[in-house]
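What follows is chain A paired twice: with chain B in the first complex and chain C in the second.
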Partner chain A sequence: MADFVSLVFAPGFFESGPVASAVVAGGVVAAVSAVVGVFTVMRGQSFAGHALSDMGTTGGSGAFLVGVSPLWGFVTVSVVAVAAMELIGIRRPRGRDVATGIVFGAALGLAALFLYWDTTVRNASGAAMTILFGSLFTVSSSTVPIVVVLAAASLALVLVLFRPLLLASTSSDLASARGVPVRLVGIGYLLAMALAVSLSAYTIGAILSTALLVGPAATAARLTKSPLSAMLCATALGVVAVLAGIVLAYDSYGWPPVGHGWPVSFFVVTLIFVFYVLAGIPRRWRSGHTGTDLSTTDAPRRAHLVHGLVGKR
Partner chain B sequence: MLVVENVDVRLGGREVLRDVSFTVHEGELTGLIGSNGAGKTTLFRVVLGLTRPDSGHAVVRGDDRPRTSPLVGYVPQKIELDPDLPLRARDLVALGLDGHRFGFALPSSARRHAVEEALDGVDARRFADARVGTLSGGEQQRVMIAYALVSHPRLLLLDEPLANLDLRSEQEVVELLARVAREQRIAVLISAHEMNPLLPVMDRVVYLAGGRAASGTTAEVVRPDVLSRLYGHHVDVLHVHGRVIVVAGPTLGSDEALRAEQADAATSTKA
Partner chain C sequence: MLSGFMTDTWIVATAVAVVAGVVGFFTVVRGSSFVAHAIPVGAFAGAAGASLIGVSTLVGLGVFGAGGAVAIALLGRRSRHDVATALALVVMLGLGALFLGMSTEYAPEIYALLFGEVLGIGANEVGPTLALASLSLLVIAAVYRPLLVSSVLEVSSRSRTRRSSAMELVFLLVVAIVTTMAVPVVGTLLIFTLMVAPAGAARLLADRPHRAILLSVAIAVVTVWISIAASYLTNWPVGFFVGVGGAVAYALARIGSSWIGPHARLDRATS
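Showing the complex of A and B:
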């Protein structure tokens, strides 16, 4: 048993400070991203989520330049981006799509400048790698409480909006007929998403944060039938992917090239992808079965209908 | 239950509804009949308080008991539900209970009971645990009706509930709605562009054409004179095997025939 433990967890895993910070920050961020992500999947807003995190790159790299935690840069820019996305082209989806793309491009242009200065002026050669692909092991123990507070804020916002958000995500017509302020609820949700995306950009990288937002939620949506069970399932999948990713990355210091660990984000995103693919297998198998089930139960009904029509003639 | 009086609505300079008045009674099923663009959805929006009429008003009268749930249950037109939504039929019905309130609803036996009751009321228990997006059109329509009824409204509005249903589901939904109106003592108002499926169960009809409305029993309203007045030109009402077909008359230009009919109509309404 002890052998097995030491095989899975390389020596020093449980004593390491960076590992402890990574586990707490990573776990909390994975859980919040998963819950928020279920609505992202239901609302079909993964592009908005991706755009928010990529625009966050500008903030992250800018924060590096002035010497504050990239987390603040991510949060500031993505919240501003939500406001900008709401202000432009709200009426027509196509206009909104184009506007998002244009603002998104401009923000990435700025990010290119900031990242260049980060590496040349501030000699932070790892900045680009850290901002774009994240580094869970560089989360300092002092930022962990901030991560927890921001995660709690995002989760609280989703829970407050829960029922009207679920109704509006199901059908905005149904929601507005019930007097739900659909647009306001949508903005509130985008803010929760901006926070979740900033946190995951900070931990697993701006480019990969969509994977943590959408991946576990999409997998859960394949496996479950109700919103609540989808959220619980997504949370479990996200947390498992992040924790297993941390363990594997820690182990990878002993893998070739020896002495250079593989990036945590690689493991996390790969695990999420594997979960998603695996969740599709039983579904395909099941859908084959329910397909025949439905046709058999419907057969008498259909036959009845056909006979009814024939009879009338 | 619902009183609509002299409602005028102009949208973007166009007069959509002109002097529309009618009453919908408790325990009755009323059909709101009109072709596409006749103003049916606009009229629903006025009743729901989402569109303010330029003049006139629509009043929904409740019973005297103080109530926390809405007076009006509403099922909009063409709700598209994605089959991939992780949302069971019973989850959607539960949203009908209090989906507009902020916060999170903890599961309780009272909620579960209310949802079960609503599902039973529309014979939807069988597919209550299926994803709502995977259900057939008729099944989805039942779930939507349960969603609208679960909060025990006094008035039920359905916008084109029969659109896109096959013949059998259409008949089932119509019978269900007539039963709901009778048994739960609810005023039911259904819009449709085709009145035939509703003829066997409809207590009253509100016919919309050219922005104006005529209301009463089918026998009072679906008559050449009344409808010609509404359309502003001559129409014929044909009866074929218990079904009704409204067609434009051959003499569109014959003002004399129209005037004769209007005179006819005036005397018959007085009588």
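Showing the complex of A and C:
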């Protein structure tokens, strides 16, 4: 047994400070992203989710330029971006795509400029790389409490909005007929997503942020029937992927090329993708049956979901 | 600005803008902005991999762009499209993180890949760019009608026939080609702006597909020209001018179209 433990966890794993911070921050971000992500997948807003995490670059580089903490830059930019997308027309599914694209493009353009100024004026290069590919192991122990607090805020917002949000996400017509302020609920949800996603982009990089938002939720949508079990399943999958990724990345310091270590993002993303593909296999056996997918566009399935929601009121 | 060494830049950038304007029209009609973002950014990982094994960057971009296109088409068959795109993007970037972790690339080179470096365009890039530009325009001309029909149907009925998934793959591969040729000009992060903003603006102003495509090309070309000139004068990155310029063009088109009257006919037909 002891041999097995030392085979899986390389020596020093449990004593390492960076590993402890990575486990706490990664676990919290994975759990919140998974819960928020269930709605992202249902509402088809993966693009907005990814855009919000990438746009953090603008806030981060801008804040660096004026000398404020990057965290404020992230939060400010994501809130402004949500307002801009809403203003251009994120409500209609068609306009949404273009609205997100244009706000995203303008923000990335600004990021390019800020990063240029950062490198010329303040002589700091590679900020874009940190944002895109940032590593879990670089999370400092002092940011962990901030991560936990903001993640809890995002989670609380989603839970407060839970029922109206679910109804608005499955059938916005029915929701507005029942007096749910669909637009307001949508903005509230975008804010929760912006908070969760920009936080994770700030701490662990945009790749992992998007992967943790969409991957576990999409996998859970393939496996479970109700929104609540999808959230639990997604949380479990996300946390397992992050923890296993951390263990593998820690072990990889002993792999070739020696002393280099493989990036933790690579392992987490690969695991999430493997889960997603594996979850699709059982469905292939039950030929023609697609009814378990929460993200389905299949009308009877949606009607069933809506019926369950409205009936309980 | 118009001196000898800039001539190649002007030629390459104009070719990129023309193709991006045409492809952008289909991107906007299909609602594929996310794909237009994901393929170039994912292809960035290919560039990192190419420098690791010592091949030309263009090869890496092309291989990863095409691989991403095929992966999105395959994954997208069984699930929501945006989910498939997001997963393909993060898997490619995960590989990119691995390649970068192993290579010893300098930050400025990576920055140029991400945000573009027009002044670095040399005479040896004119040939490949023009070849790729003509290839993608030829492909689009060859499948123009079925592509247009499938783009409009995709949105209205969500029906997916074998034919429309073939068109999907063709469209994605064209985006991959545009990616490969456009990286030196605007960089991987901002190519999609060139495909989304001019076409989005054009669709607000023109109702017929032909007119919208021509207008989209015109806006894209003007945006790129202004961006290069401004970048040359200020030394600021081209990506900034392209990204913000695209948004300004779209905003002006929004104002313009509200004068002309509510939505163009094509819009009404598809929604």
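Things to note:
What we mean here is this: the second predicted complex is superposed on the first by the 252 of 313 C-alpha atoms of A that agree within 3 Å, B and C clash if a C-alpha of one lies under 4 Å from a C-alpha of the other, contacts with A are read in each partner's own complex, and residues count from 1 in each chain.
The rule is short, and it goes like this: contacts are C-beta pairs under 8 Å (C-beta built on N, C-alpha and C of every residue); 3 or more make two chains touch, one makes a residue touch a chain.
Everything numeric here is computed off the predicted structure, so don't read it as measured data.
The superposed arrangement places chain B and chain C next to each other on chain A without a clash.
Chain A is touched at more residues by one of its partners, and among chain B and chain C that partner is C. Within the superposed three-chain model, A:M85 lies out of touch with both chain B and chain C [touch as defined at top].
Judged by the touch definition given at the top, the superposed model places A:R178 against chain B, while chain C stays out of reach.
In the superposition on chain A, A:W262 contacts chain C only, with no contact to chain B.
After overlaying the two complexes on the shared chain, residue contacts for A:A220 are found with chain B alone; chain C is out of touch.
Contacts of A:A230 after superposition on the shared chain: chain B is touched, whereas chain C is not.
Residue contacts after overlaying the shared chain place A:L71 against neither chain B nor chain C. For the pair chain B and chain C, the least inter-chain C-alpha distance in the overlaid model is 8 Å. Residues 48, 50, 70, 74, 76-77, 79-81, 84-88, 91-92, 95, 98-105, 129-131, 147, 166-168 of chain B are the ones touching chain A in the complex.
Chain A makes touch with chain C in their complex at residues 41, 44-47, 49-51, 54, 88, 92-94, 97-98, 100-113, 115-116, 119, 125-126, 128-129, 132-133, 207-208, 210-211, 213-215, 218, 222, 257, 260-263, 265-266, 268-270, 272-273, 276, 280, 283, 293, 295, 297. Within the complex formed with chain B, the residues of chain A that make contact are 38, 42, 159-164, 166-167, 170-171, 173-180, 220-221, 224-227, 229-230, 301, 304-305, 308-309. Listed in rising order, the residues of chain C touching chain A in the complex are 28, 31-34, 36-37, 78-80, 82-83, 85-87, 89-91, 93-98, 100-102, 107-108, 110-111, 114-115, 155, 158, 187, 189-190, 192-193, 196-197, 200, 236-237, 239-247, 250, 254, 270-271.
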